[in-house]
Amino acid sequence: MSRGKLEQTLGEGKFAVTAEVGPPRGANAEVILKKAALLKGCVDAVNVTDNQTAIVRMSSISACAHLVQLGMEPVMQMVTRDRNRIALQSDIMGAYSLGIRNMLCLSGDHQTFGSEPGAMNVHDIDSVHLIHTVKTMRDEGRDMSGYELNVAPRMFIGAAENPFADPFEYRVIRLAKKVAAGVDFIQTQCVYDMARFKEWMKQARDRGLTEKVYILAGVTPLKSARMAKYMAAKVAGITIPEQMITRMEGVAKEHAAAEGIKICLETIQELREIPGLSGIHIMAIEWEEKVAEIVKAAGLFPRP
Amino acid sequence: MVMEKVHRMSNKGGAAHTRKPRITVFHCFTALEDTASLEGGDYEIQGIKMPCSSISREVFLLRAFEAGADAVVVLVCPVNSCRYVQGNIRTEKRVTRVKKILDEIGIGGHRLNMFNIVQGDEAAARRIIEQTVAELGEWGLSAAA
Amino acid sequence: MPKKYSIHAHKTDPRFPPIGKYATVEFREDCAGSCRQCVKKRCVFHIFRDNFTHWSTMSEPEYLYTCKSCYRCVEECTKGIFSLAINPEYRTLGDDYWKAGIINSTWAQAHTGSIPVSGAGYRGPFAAEGFDSIWTDMSEIVRPTRDGIHGREYINTMVELSKRPMRLRFNPDGTLASEEAPVLEIPLPVVLQQPAFGVLSKTVLLAMAAAASSVGTLLFIKAEEYTPFFSPYAAHLVPCVTKDTYARYADLIKGSRMVEIAYGPGLDEALSGLKAINPDLFIAVGLPLDSAAAGRAGELARTCVDTLHLTGSDYGREVGTDNPRHLKDMIRDVHLALVGNRIRHRINLVFSGGIALAEHVAKSLICGADAVGIDLPLLIALECRLCKRCTQGKRCPVKLEAVELDWGKNRIVNLLAAWHNQLLEVMGACGIREARRMRGELGRSMWFDDLERDSFGPVFGKRKVTGIG
Amino acid sequence: MIVGEQKPLEEIKAKVSGYSRILILGCGTCVKTCFAGGEDEVATLASALRLSFKLEGRTIQIEEQTVERQCEDEFIKEAATNIAEVKAVVSLACGAGVQMVASRFPQVTLLPGVNTTFIGILEKAGLFTEKCLGCGNCIVDLFGGICPIGRCAKRLFHGPCGGSSKGKCEVNPDTDCAWQLIVDHAAATGQLDKLAEYVPPKDWRTSQAGGPRKVHREDHEI
Amino acid sequence: MKKVKSKVRCKGKQQLPEVVQTPSRYRNPIGKFLVKRNAKCVSCGLCAKLCPYGVHVRSGKYTQPMRPLEHKCIGTKCQANDFYCVKRCPQHALSVKLNPILDTIGDYRWSSEMILAHWHMAETGTLPSGELEYRLGYSNGGFDKIRFRIPDPKEYLDIPDEEIDTSICLNKRNDGRPVRMISHPCYGGGMSFGSTSLSVLVGRARAAKRLNSFTCTGEGGYPDAFVPYRDNIITQVATGLFGVREETLLHTPMIEFKYAQGAKPGLGGHLLGDKVTPEVAKIRETVVGSSLFSPFPFHSVYSVEDHKKHLDWVKEVNPRALVSVKVSTPSDADMVAVGSYYAGANVIHFDGSYGGTGAAPDIAKKNIAMPIEYAIPKVHRFLVAEGVRDEMCFMASGGIRNAMDVAKAIALGADGAVIGTADLIALECVRCSNCESGRGCARSIATTDAELGKQISEEYTEQRLVNMYSAWRRQWCELLRQYGMRSIKELVGRSDLLVNMDYLDEEERQAYQPTPKKKLVL
């Protein structure tokens, strides 16, 4: 089986670029296809969220399958919140059979924040278990019970990490734990607090983790000062430095989006200079049309 | 809905309307020596003396209403002068809780009130009672009495 | 030796929870009481046990009547949430004379009929006004005590309320020539009397009459209260009449052994009137214990009157003056005045007003009384709280109007049983075997002023303060 | 202990409104400690119900009793006399107590008056917090004595998740992040690296996932 | 007043038994102050570091703060200190307030503060801080009105406690019997096995041994556990003769004839059936569960001559034992004392009417016989006048509560005091007066209940008593120093050193601490 494009890019030591799309809240595949079209050619892979922020959407697998048909490379997100180990493993196998080659193992946002706050969560296993499971399936060809699989899903395994959540001193240890469990690449939470990110990267380098795993830094262009303030205050695990908010506030409303993109580009520039960083992951939330612009402006175009 | 009933019943007149208002006074004896000094108005007073107001549990306050009180007044010593340091704070919290229960029941939490008074200030105690009686004039007598 | 007299007590439970001395202050927020070590469950005296079940029916805070204040709940609670306080009801129970402790102890005696016994030493002040400035003497080695309490030796508490013949005449053969005068004896130097206030319903008074009859003493009762219901106890009733009213109660007087007539002008006439109705009648004269009492006593001792019933205030004080003397001094004065006139043996003295404790009986006798009359303790025995609400027309908190006759009788009998036994304690310690011989035995008492002077005088000099100081 | 919370008065009232005579049965153990079903709560509820019905012009006869533990026969039987006289019993016990009483007195309707919430502790006066999920296979030793199953919103074995902020959980910002505590403890005791170890997935058969559980001590069964 | 010289002098420094901290048996000892810590506390531990009195404790690695040990708090006067926890607490979580429970503790004679202070002495062996009044009660008479006169500073004798002699001699008669000295001017009053739990009795005996003093069996017989301490145990012969056997008379250094007890003079002892356990019954040679009454009086003594015969009998049985006669205080107490002298007693022991008891009718405790304060000068004067004072050891008891009461009794004319209640207070008696109720003393002191009795140990009893008497001795030493005395024997009969508030003019009275007055709810 061929390796996926993302794996190839990273394997060749090239600076990778991924972006994120959210499946629609409905059964219309057009939406996802339209979004994907905006990204085609300017990213290495497209991350498809799995009922992101616990809001019920079209499943990640099916959205990914549509992308595969479109000739794009998806990264299927999979959360442990909604499925027990039976469903998870079966979906992994199914996804692989549909041509999906990358997956991102997550525990998922808590259901109380989403559209079904009364739902029962599953959390049979956690994201690290999931990484371990996928790795075992891939490398040993066995499922969790040890049963030998006729075809092993050769997934390129990703996971998320948030250098901005607490406790900071533990974040790198947790990264190490994921690495030990078998993760191939890491996507981080959006980077605004560069100092803290650099510190985290340094710790990762010191532990030799950057040798073992590709780290893709998350970036999200700010649309407005309001968005910046909201994210800083309400979204746990995201820190936005005060001066960045001030900067957003300092420009006229109509120029805010442009300023946000400018900040984003500066961030990417700074990130590219960090030793051990393998790429970026652009999370342009409901702003997919700007991804191509960012990639181009950042000088990361064309993609290999 | 229950509140409507209360009003209906108290507006019906009859026995409930013609009797004197009944007020039960729970008091710690450092706040007020005795309710005897408060008697004599156009109302009935039932005093319950306590070594510390924090002895008044939820049920006592409710039972006072069962026993026919139209209003319940809890007199406690001033903030920071409780003999047992925290007794009056605890009483306050309990009164708040029972007010909520009374609201749920439909009697209305406003019929239960706590006041801090200094020992010997009988004028203040009397004012509190008179004010309560005046308010009872607005609310009507308790339909649960 | 007279037939051994004793009063049998029957435990008679109170109808209302008596006002206890203690209250616990506990912070429920710190504990819900489900600790296995819970001091409430482990209370040696089980005082909280009833509270547990009591809880759900309680309508107001329950104080701890039976708490013995051992402080183990306070000191052992795992959360340290307990504190003990004096029950505010107890604080306001009674007054400076009828102290809460006296009322409480009276309740307990009426309940059980046993004398108050406790451990540790005396808890009260060194000395206080009134009876509390007298100590009764004891005997030791040289003049032994009497072992009367447990019945090893008989101590006779009987006293007479009838006149004694002045001299006996004998026939030449030595036989008695004078007529044997009729005798009115009571087996203990305590008579009962109708209280001046209280819920004096028919049953309450009947209970007093029944109790008097049961222990063999007398109840002084207003003649107006008499109804045929009282007839079973007639022998133990002393109707109280005035010179204006006695004629109305001729039938009652005919059936009575003794009648009390109020002192006042025209008494002589009334006395003969009474004797005319019932020649065998013993006569008591009721008079206030005022400054004229001693003089009047001397006067009345010379008449046909058997007994003087002198009543002081409810607080054991002289009446009719702004600066009243205490009962102990009044008794002594009346007694000594009669002794001085050598007519003490011609009359019997019953004092009442403020007799609150058994020790007051003994001390009154020592001061010179033949007997004492008790009133308020009878009400207290029936659970009265001396709140005097009844005098303002308010409801009685212990529903005295609803007592049952037997219950009431038993409570009063129990109280008298306890008092009788306490009198025996004091007499035994004094080494006195006859209540009659205790009368006026001032030498068997020690008075505060004398002790201060005799014992402290040589050490400290002269007292610079008056009274107890 | 088992922590519970009394149901809203309105709900209890609706449940009992069809009966003219009920028994409120308290339980003197766990739910008493958390102020949900002891003597005091029984009395308070009874009083509140009586008042509430009185306002509607109805009277309902309410018996009150509290037994030591509703989950034990020995104590339930003390309530037999009272239960025999009513058609409905409001039980202020945890779910175990309610069901135990229900099974012993099938002829009466059992109305739960308490919501059983969790196994927890009294954190400080008036504050009860969840500590254990009853998974049936305790592994708190791996986490410095802090259970991520009972105390992490996502039951993460390799937490904390990205929502951990300033020591608090994103799901409930006044709750401590269990993983922050675990990490703090490990850091304080110099065992941070121990937390890098992979903890295998849990076998949930010992938990409720395995169906209603039993503890069977044959040595105690004669 | 004539000074009484003692014939025997104690030489050398006195060996003082060691004080060992002996905390309360209970979890929450009661203090004069309430120290509360509220929910704002973040357990920073500052208070524990600051408080030099040990009120705030942090136990080992336990993260939660412990409940404050309120009884160690010195209270509001601490405000002046820079370590005042209330002020220093960064969270303002602490408060200190007068403990309202004091309303309920104690009585006119033993005030709440006197009780708490004695608990402190028994725990620490030291005198409590100035806020606890331990010398005077609220009785408003007797010892509470008597003060030592203001000493002349020139009289002050600056010598250490070790060089002050507090011993007294129990045999001054020169009758061929041993000269027995005890190190303190007091010994333990009679408490019977049955009224008091065995561990307390044995603990008292152990303390007596360490203190070189005596304790007394009371009227309850002689348990085997006493034998190791027999040199320090007085055998009492009382009217019931419970447990009096030849061997128990032979064990003892002193035999006490109890004619009467101050709390119930003229009345016999009474042990309720509940307290007559198998052990008690065995020693008293009686039946389990049946109430025991001691007759009154000694039915073999109806005259002074009978009395002498009585004494001669025990003197014959044990030629080495001293003989003490314990009587109460009738109006002719002086005659009784002289009578006992002529009957051959070494010690005459007067027990005043306000003395302790395990159970007595309230009427007797309050009313019968005179308070010891009156009896002491009366008896002392009479013995002096008879010329026999120097040959008698005169012990007083009955309402002698504390070290200063002992000193006052000595200055009034006694040689020493016999202590009962204070011993029990040291063991955390609260004077609740329920020694006989239900299962007996709830605090395990006066009980024979198997379960309750176990809650007190001999070691605890012994050390608490040693501690309390050590604190008492400090007070005596300080007093003697003030008057330039080296021995407590010099104080005997020095009533010139005493004043009575009621016998002073208004302005003279100003110099002394006023008589504490308080209205209690009893």
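Chains: A, B, C, D and E, in written order; residue numbering restarts at 1 for each.
Everything that follows uses one rule, which is that a residue touches a chain if its C-beta (ideal position, glycine included) is under 8 Å from a C-beta of that chain, and two chains touch if they have at least 3 such contacts.
The shown structure was predicted, so the numbers you read here are calculated from the model rather than taken from an experiment.
Student: Which number of steps is the smallest that gets you from chain B over to chain C via touching chains?
Tutor: Between chain B and chain C, the shortest chain-hopping route counts 1.
Student: Of the other chains, whose C-alpha centre is the longest way from the centre of chain B?
Tutor: The most remote chain is A.
Student: Measuring centre to centre, with centres taken as mean CA positions, what chain is farthest from chain C?
Tutor: A
Student: Could you see whether C-D or C-E has the larger number of C-beta contact pairs?
Tutor: Between the two chain pairs, C-E has more contacting C-beta pairs.
Student: Express in whole angstrom the distance between the two chain centres, defined as the mean CA positions of chain B and chain E.
Tutor: Computed from C-alpha means, the inter-chain centre distance equals 51 Å.
Student: What whole-Å value do you get for the distance between chain A and chain D if each is reduced to the mean of its CA atoms?
Tutor: 40
Student: Could you grab the centroid distance between chain A and chain C? Build each centroid from C-alpha atoms only and quote it in angstrom.
Tutor: The separation of the two C-alpha centroids amounts to 96 Å.
Student: Averaging over Cα atoms per chain, report the distance between chain A and chain B in Å.
Tutor: Chain A and chain B have C-alpha centres separated by 62 Å.
Student: What are the residue numbers in chain A that touch two or more other chains?
Tutor: none
Student: Which chain C residues reach two or more other chains?
Tutor: Correct list: 28-29, 58, 83, 85-86, 91.
Student: Give me the residue numbers in chain E that touch at least two other chains, ranges are fine.
Tutor: In chain E, the residues touching two or more other chains are 100.
Student: Touching chain D in the complex: which residues of chain B?
Tutor: It is residues 2, 5-6, 9, 57-59, 62-63, 65-66, 101, 104-107, 143-144 of chain B that touch chain D.
Student: Going by the contact rule set out above, which residues of chain B touch chain E in the complex?
Tutor: 83-86
Student: Please output the residues of chain B touching chain C within their complex, sorted ascending.
Tutor: 29, 34, 48-52, 54-57, 59-60, 63-64, 66-67, 84, 86-87, 90, 93
Student: Could you list, by residue number, the parts of chain C that touch chain D in their complex?
Tutor: Of all residues in chain C, those touching chain D are 28-30, 32-34, 52, 55-58.
Student: Which residues, counting only chain D, touch chain B once they are in their complex?
Tutor: 8-10, 40, 43-44, 47-48, 50-52, 54-57
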